[in-house]
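Paired with chain B in one complex and with chain C in the other, chain A is shared by the two complexes that follow.
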Partner chain A sequence: MIEVDQVSYTYPAGTQALQDISVTIPEGDFVAIMGENGAGKTTLIKHFNGILKPERGRVRVDGVDTKDASVAELSRTIGLVFQNPDHQLFSETVEEEIAFGLRNFGFPEDEVAQRIDWTLRLLNLTQYRQTSPFLLSGGERKRVALATVLAWNPKTLVIDEPTIGQDYRQKERLRQFFAELRGQGRTVVFVTHDVEFVADCDPRVLLMYRGQILADGSAQQVLTNPEITAKASILLPQIAQLFHQLQDLGFPHEVLTVQEAKGLLEPVLPRGEAHEGL
Partner chain B sequence: MASIIDVKDLSYTYPNFAEPTLRGVSLTIPRGDFVLLTGPSGCGKTTLCRCLIGLIPHFYGGALTGDVVVANLSVKDHSISELAQHVGFVFQNPENQLFALSVEKDVAFGLENLAKSRAEIRKNVDWALDLMGIGGLRDAAPFELSGGQKQRVAVASVLAMKPDVMVLDEPTSFLDPVTAKRLFDVIKNLNDELGLTVVLVEHRLSLLSAYVKRIIVMDEGQVRLDGAPLDVLMAKEARALGIGIPQIMQLHQSLVEDKVRLDKPATSVDEFAAMIRSLLQR
Partner chain C sequence: MKVFDGLQFRRGTSPIHRLDPRTKFVMSCLIFIQAFMFTEFFYLIVLFLAQLPLVALAQVHRQWTRSLRGGLLLILLIFFTNLIVGVVSNDFQLTSDALTYSTAMSLRFVVLMTSFSLFFLTTSPDDLGLALEQSHIPYEFCFAFTTAVRFVPVLAREAQTIMDAQRSRGLELEKGGFMKRIRNYIPILIPLIVSAIRRSLELAEAMETRAFGATKHRTSLHTLQIEGRDVITLALCVVVLAFTIYTRLYLPIPDIRIPVPAT
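Presenting the complex of A and B:
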């Protein structure tokens, strides 16, 4: 469990990134953090594993104050994947990249090998085992960065912008992968701008605005509310926009997926072949 | 219509790669077109962009066959810097592109390298900053800027060279949706007002299908679909290729498959809402 209690944080240059923010993420939760560039999303998640320590207030991970633990200790339970994979990758091959963290945590060599196999398969990277991360595309490098963290199997995964550079199929894989992690009782927190991905994943949504939490609720509640999403520079998914426009015809406005939309429209629309020219 | 980009039977293999990344790509882009280039990762779209700006073959090496002609220059026979005066490139991450001490210096950099006169540099820089709406930031350091502002500076630095074609490789990856939309608005405006030819690589089809004139879908190093946005996105093959079809088009297809009678498909939510409204009121 992650408990953020009245935390404020100001960067040395003077930007106040978090303002008296409180939020609790219980074990097994599945959370998307959204909001405009500069809203404080990345600053917040950097508090989860102690890279940043609160200036005021406190952050506790499983009851332990992050001020009383090292980043290395916290990272064993909270694996953080950065936004830009280039800040994280440095080894000559993908395999070495994944092995590095595992050896640091003192895993025996046979387990290092097993875990590398497992993670490469899981993230569809097996064919790149011996490739230099820098020859891969941005989307592939992002998956390598995720693999390095996933390999040591932290109880909580925190991922900054997992869908950047991922095509539709990779996003669909990622969604299934998140669902599997949830099934194992793991906590997954991700920062994203990708409203369609969030609509498909259906997580709890924390919407941030200027260092504070503007909304905290289900994807359906948050992503169908045009006032708060506009304030946070989020565009509503197309289906939510559509039903917002059709509200006066008596349709509900909290509609997020194509499936729900079809269920509402199909019974009331005319059927049969179109009569061209009539 | 005069074409600005002519690609004929282009195949390309990176050094030390066993398989070609591009396999027989042919396409013609007329002056003033606004093309969205998309496809699953590894399909070759970034490689194609590298060919358009001459990074392939001059920087990457490798084996290229076929022809790439941009603004009447064959990329094989002209240097990257000659080509840069006709075709500008905007990267995914503006941090890889900006390095000077001020926005103004960054935007002037390309022109200074071409040894243009001070008066011309000043004129072009002012024009580009103005078009991108960042005149007020001219003395700011790039690292002080927000992601959206940085990407505008990157576009301005390309614009200042007055290129015929602008190629942008996922320019909004690091931007929030509203900031991304603003950047697309500005780019559309450059296309409308100046007739600038735009080739844009993106996965955000729901946002872009209402902006662009044409969509090209690549897969496995080949062009698979090429046409007007609706024709491409509503094609069965587009679904099979696994590109993200915008929600309203998925809804349209799904309703029509179940024998609901709809009018023509729509590229924007507004159009689709208007159609539903009129069907319900008939």
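Presenting the complex of A and C:
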């Protein structure tokens, strides 16, 4: 459980990134943090494992104030994956890269080996075990970065921009993977600009705007509300846009997924020869 | 990373900002030369005090103090290395000489840092590039140099992010013995170097797509002009240099010492 209590944070250069933010992420929650560039998303997640300490207010992880614990201690429960994999990959092989975190946390060698196998399988990276991470493509490096954190199986996984550089199939895998983690009772928090991905995942959405939380609710509530999303410079997902424009025809406007849309449209569309091609 | 704050240019309109970069360069060199001509504590104090009005005039005292704070570790290192050498070479006796000398050496470093930061804080990278170009240095070198200067803060920021990322993977920089601590920096340095190389390759490609080096003779919209204030400043510099050399050769320098604290 992460409790953020009236937290404000200003960077040394003077930009105020967070303004009096309060939010609670209970165990097992599935949260997408969204918002325009510079809204404070990354600053907020950097408070979760104590990389940044609040200037005012406090952040507690499972009841422990982040001011009283080291980043390493907090990272054992809160696994934070940074946006740019190039900011952390340094080993000669993918295998060694994954072992780095495990050894830092003092896992015994036989368990390190087991966990490497497990993580590589989980993220479809087994064929790259002996490859240098620097030779992989951008999307693959991103998955290696995720693997390095996933390996020690933190209770909460916090990921900055997981979908960047991933093709549609990888995104779909990522979505299934998130669902698996949730099934295991893990908390998953991710920062993203990808509205379609969020619409597919259907998480709780925290919408940030200039260091504050503009909206906090289900994806359906937040991502179908054009006033709120416009303020946060976010485009509605395409299905939501479509149903927003079809409102006059009597359709509900809180529609987010293709399945829902199909259910609503199928009964009213004429079934004729002209539509066979569809 | 605070040291770099003292090198990061901020736009300003102070008299120092408005000087020609070449004039400022001569000024900084003058301070440099003076600092190396003297080991006497008295003269270094004079030099340091002479710099303070310049810092105030340029209105960069905040960044300057920040960079000094960042350089504190080096300053202390210089102080203690000199002190230890002084004490050891003097039958393990703490003398007033050793104490004065180490303080003077630390102060010399502060003076050098100040002259450096005064130059970089008040000179925009663009002006610096222009100054180099107008000194007939080939454009490719000027460009490489100004780009390097421009990327220092970017690199500093990146180093911070890398440190955060590795700490999130359980790396504890301050843990372990001396060798372990040095090895702790490998996970920071490799990504930093790799991404710097990657970035420079990308930059080179981006420049080539925009026809870098297509024309042999470049002209500039802005050119630097030596003006009245520059001439006056340069003349002053010459006078100060002459006086400094005279002082070094002929004048006795007051001997200020730091007494050994009574035990």
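As a convention for this text, the second predicted complex is superposed on the first by the 274 of 278 C-alpha atoms of A that agree within 3 Å, B and C clash if a C-alpha of one lies under 4 Å from a C-alpha of the other, contacts with A are read in each partner's own complex, and residues count from 1 in each chain.
Please note the rule applied: contacts are C-beta pairs under 8 Å (C-beta built on N, C-alpha and C of every residue); 3 or more make two chains touch, one makes a residue touch a chain.
Since the structure is predicted, the reported quantities are computational estimates derived from the model, not experimental observations.
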item	value
Fit or clash - chain C, chain B, common chain A	clash
A:Q238 touches, of chain B and chain C: first, second, both or neither?	first
Partner chain in contact with A:T126 - chain B first, chain C second, else both or neither	neither
Partner chain in contact with A:T15 - chain B first, chain C second, else both or neither	neither
Partner chain in contact with A:P270 - chain B first, chain C second, else both or neither	first
Chain A residues touched - chain C or chain B, whichever exceeds	B
First (chain B), second (chain C), both or neither touched by A:F105	second
Touched partner set for A:V258, first chain B, second chain C, both or neither	first
Set intersection of chain A contacts, chain C complex versus chain B complex	84
Parts of chain A lying in touch with chain B, wherever the complex brings them together	35-38, 83-84, 137-140, 161, 164-172, 193, 195-196, 233-235, 237-239, 241-242, 245-246, 249, 258, 261-262, 265-266, 268-274
Residue ranges of chain B touching chain A (in the complex, touch as defined)	39-42, 46, 92-93, 146-148, 170, 173-181, 203, 206-207, 242-244, 246-248, 250-251, 254-255, 258-263, 269-270, 272-273, 276-277, 279-280, 282
Interfacial residue positions of chain A with respect to chain C in the complex	46, 49, 51, 70-72, 75-76, 79-80, 82, 84, 86-90, 100-101, 104-105, 134, 148-149, 152
Contact footprint of chain A on chain C as seen in their complex	158, 161-162, 164-172, 186-187, 190-191, 194-195, 198
